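We call the chains A, B, C, D, E and F, going by the order they appear; numbering starts again at 1 in every chain.
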């Protein structure tokens, strides 16, 4: 009899809390979004599953001796997993469009306004009861506006590990929502004539330029902003593996083996931060709202900078491509292309939007470095 | 002169013990079985090689600073390697046959009788001199009857690390011997008429069912048996990666990169537990005998449950498929098919046996969870 | 104002030292050699990039909390990365040519003379001011003469971690320079008649021989030289995976996934030892000079042993193939082939040179074991 | 010692009873849930347009590459035939 | 508390100003460096013989295998044609 | 200091002598073992039915895929030829 009682007390039903139940629903919801709605499934599916696992009562999988906890300790606390993802992103990204038209970097810079505006927003939320974001918390929340998953995870794991779960979920969810969030903003801020601007074809880029590009970026980072060196370093290493043409094996390993395996483990590790105590708070609600604001402001800032560049160049730049500056590669560029085609069926902006799009990746890595240098310690 | 003496004393010949020599033979024997007899070569070859390496005199490769010892500490003590293998198994397994006919889960349950009978047998061996199995030891030995390699390794590493080497060797050896152990038992327990039963074709299974299946299993595990969550969690995650259809990259990584790399390292790590002191004992002899008993009892229990189901359904279930309930995927199902064809050349039981076969994987993971909950800690 | 000052003080420009600037140039130089000159790009590119990253001022990526420092601690201090590379080398190497003509092992032995001569040379450098090599340092430097990257890294990480950067750079650079260093030495030491010797075709080698070979090598290592067991063990395991024919999955994993991923990480980790304080010393200059000497002496010793074997066999051995005994697989064998063809357009020595070439790999692993046994501890 | 072993055996018997009990409870409950799931899917699930698999044993490699292969070959043969046309 | 929040907000404004400043400085400098780099490559770089890519979106898999495929198919068709020759 | 270096050098000479001695002992023994092994295999080993490789330099990628490729192409051409038959 006593044994049966002991047994009963080891079941999940006897131990489950409402927080865990809610978080199991949240995990299921993320998996639903990943599979049925195809919201960034590569990360949201493992994150959602990690949320399920870490909220199984009694099992303690997210604890220090649990599998998810150990993966988190080993790969996220050290920063190694997001950096390895960035290595793969570098090996997967073609920067040719950016090299052919470097001025699009300015668009990538403008879109980072979303990061800093959101930082302010997070601090302002402290006026409301239930919010108590430190400067480091606010910086980690702001980076959602960078629309770059690994950068957000890297910064959040350094500045605000307790918010990591909510920040990662927000970042990837909004990246998936780019096709819904961006178009109205883009249409509202541009005139019909601006959306109609046809851009000059991009010049061809030589192999040597593509090899030198990552080295130039790295050198500048070393000289100006060493705090961004881990992120920029891994991104440029991956890109150099890709473009050098002499280490095909390593380039493939970065693009496939490394990024795939690390994605599974990283997703699970983030899930370990989706426990009820950390996630079911008013702060999470704030983060989700701020994330949407961040994306919108970033998009708007990019488009406005696009309009400025359009004026300055005498109408050679279509302002729509500024929206791609938030990164969210390659989704944002595709959205630009789609909105452009709505106006003019022959105006393919995809290639032109790739420049600001990949510039946005560099831009948010730089912004992350700035935040690390100024807020971290 | 003195230098030469020092040198001589650093050679293997001067230091080798008879235990190490015997264990080198054991390692060689495992490699022979793996290559010449094709006994589960994917694991027995690395395990055998690990046995060779860890018994090289002086080198101390299985010690805390040796390579094998470090791999063991990092991957097996933490439980991460067997869990990653289970992730891969989930991604490689198609549960359609089970979804189409869920009742075969009962066969998978019955075959776990072998686990508990062997547990009792191990405890009974304590009546003999030279045996001193604790309850935890007996539970770890019993799991051999689960016929599931990673489950056995996971449980043994938690409950009886010193017996891990013998248990892993027994588990994989008998899994390889399934085509020899099972048929006589199957024939002895069934009548000609029973072996002749032709089963209805399985209904098609929709994609949505296959996606929901891992989630249903995980939820049940979370509610009823949280102790099994690591094993069931990784199995169902792997299966969801496979069936979701939206993360092909991750599914491939789990099926190939992760499982292959971890298999090599896991095999070596297990080899580090094949030292003379741990392996050359009467206990190992007991474990090997009990392992064979475990498989036989599991098979018999599966077949008997098959006969019961045959009666209850009015002859719609061929009792032979109960033998597949021990798991040993897909070997046991193939054995069922072969024994069935002997009786009736047109009676293909393979698909029907896949249901209980994959049910056996779930069944032994559940049994492992039960043992962890009741005996562990 | 103060904030701006703080900011300025966190930039790289404000903090960069001349050592770091020089090392950035060294890193750039290595990348240049890797890409433009194709000097062993698989390792020199990651090493060079690692040098860039670890010399970025302020960032401290090579420090104990930096990414490179952590990778070094995890993979190189433990010896695991070079051993995994050796696993891959074993899985990539076909020892048939050596099995068909075992006597070529003598050539592989002779070429290790370079290792020990260089060790003496390093000790002799202590007569000069600015040099203070211990016996362990000298042994680690000598292994450059083994012309085998992972062996050199493994030994250096054990005996002289501070010199690891310089030793790895020297080892891979000279391996890339084999086509320039070896031919003049080969021509100088042989007569026209000797270079013209046509060798008998190699006999076919059975599958069983190829399976037994790694086991024989491992057994001998276990009995004679346990100190070499980690290196020889991983090499033979890789080769057994390859030749056994029953674990194709694992063999492919060793040849691709493992070796590619580890190569990237190992290169970065070695780069973490290319800091100004460790690298910009007179000792590094000495190591670079000694490395060239080591290769030359190794080549010469191999060729001379080839001449001896030519005499003893009554002209059946072409002495040129002795040069391949330094290993540097398969570059050295190709050099032998080329020099042979210069003399006689129909005398293809490639296959004959593969025997000593792979023998050189075993030879230098054995030499590393000897040095570990006698100097390490 | 024998009484200690006997005690252990009794504990083992308990373990067996409880253990098998849980295993059966778990798997029988799972049978129920799966039946419910399939019914729910049949009633409310989307119509399947793709042909569903009947079963499948450890289907490791998807036959994607072959499809591409056959497509390319088809194209090559088309091209070849066009050139051959009289 | 509100004054503390206001202080934080002011710090946040500073952060925004400095942060955006650095981001723009960095990227504008990068624009300059890239322009210089491209000019330098155009003047001193080697002549490109390979057709340079105009751009390219996340080109994951190199089309190497296809090339091999096409080569093999070409050879097969050659062989086939030879056999067909009257 | 020079005497210390000289002592080191003497130690180094010892190391060289012993080290090279072991390397040669090891590899010469290995030669013997390999000769024995090959003889044993020739006498007691199974008859090889597969063509043995004569040698092979770092044969990385098994030519499996090509085999499949050629098989598929063969089949395609067969099919093509059948259709072409007058």
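Note that a residue touches a chain if its C-beta (ideal position, glycine included) is under 8 Å from a C-beta of that chain, and two chains touch if they have at least 3 such contacts.
What you see is a predicted model, and the numbers here were worked out from it, not measured in a lab.
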Ask   = Which number of steps is the smallest that gets you from chain C over to chain D via touching chains?
value = 2
Ask   = Hey, which chain ends up farthest from chain E, C-alpha centres compared?
value = B
Most distant chain from chain C by Cα centroid = D
Remark   = Chain centres from averaged Cα atoms put chain B and chain F apart, in whole Å, by 34
Request  = Give, as an integer number of Å, the spacing between the C-alpha centres of chain F and chain D.
outcome  = 41
Note = CA centroids of chain B and chain E: separation to the nearest Å works out as 48
Task = Specify, in ascending order, the residues of chain A that touch 2 or more different other chains.
result = 7, 221, 224-225, 257, 374
Task = Scan chain D for residues touching two or more other chains and write them down.
result = 18, 22, 69, 73, 77, 80
Partner chain B, residues of chain D touching it in the complex = 2, 5, 8-9, 11-13, 15-16, 18-20, 22-31, 33-35, 37-38, 41, 45-46, 48, 50-60
Ask   = In the complex of these two chains, what residues of chain B are touching chain D?
value = 92-94, 96-100, 102-103, 105-106, 108-109, 112-113, 115-117, 119-120, 123-124, 126-127, 135, 138-139, 201-209, 212-213, 216-217, 220-221, 224-225, 255, 329-330, 333, 350-351, 354, 359, 362-363, 366-367, 370-371, 374-375
Key: chain C residues touching chain B - in the complex, by the definition given at the top   = 78-80, 83, 87, 211, 215, 218-219, 221-227, 229-230, 233-234, 237, 240-241, 244-247, 249-250, 252-254, 257-258, 373-374
Inquiry  = Which stretch or stretches of chain B touch chain C in the complex?
reply    = 7, 10-13, 15-16, 24, 28, 31, 34-35, 38, 41-42, 45-46, 49, 52-53, 56-59, 61, 66-67, 70-71, 256-257, 260-261, 263-264, 268
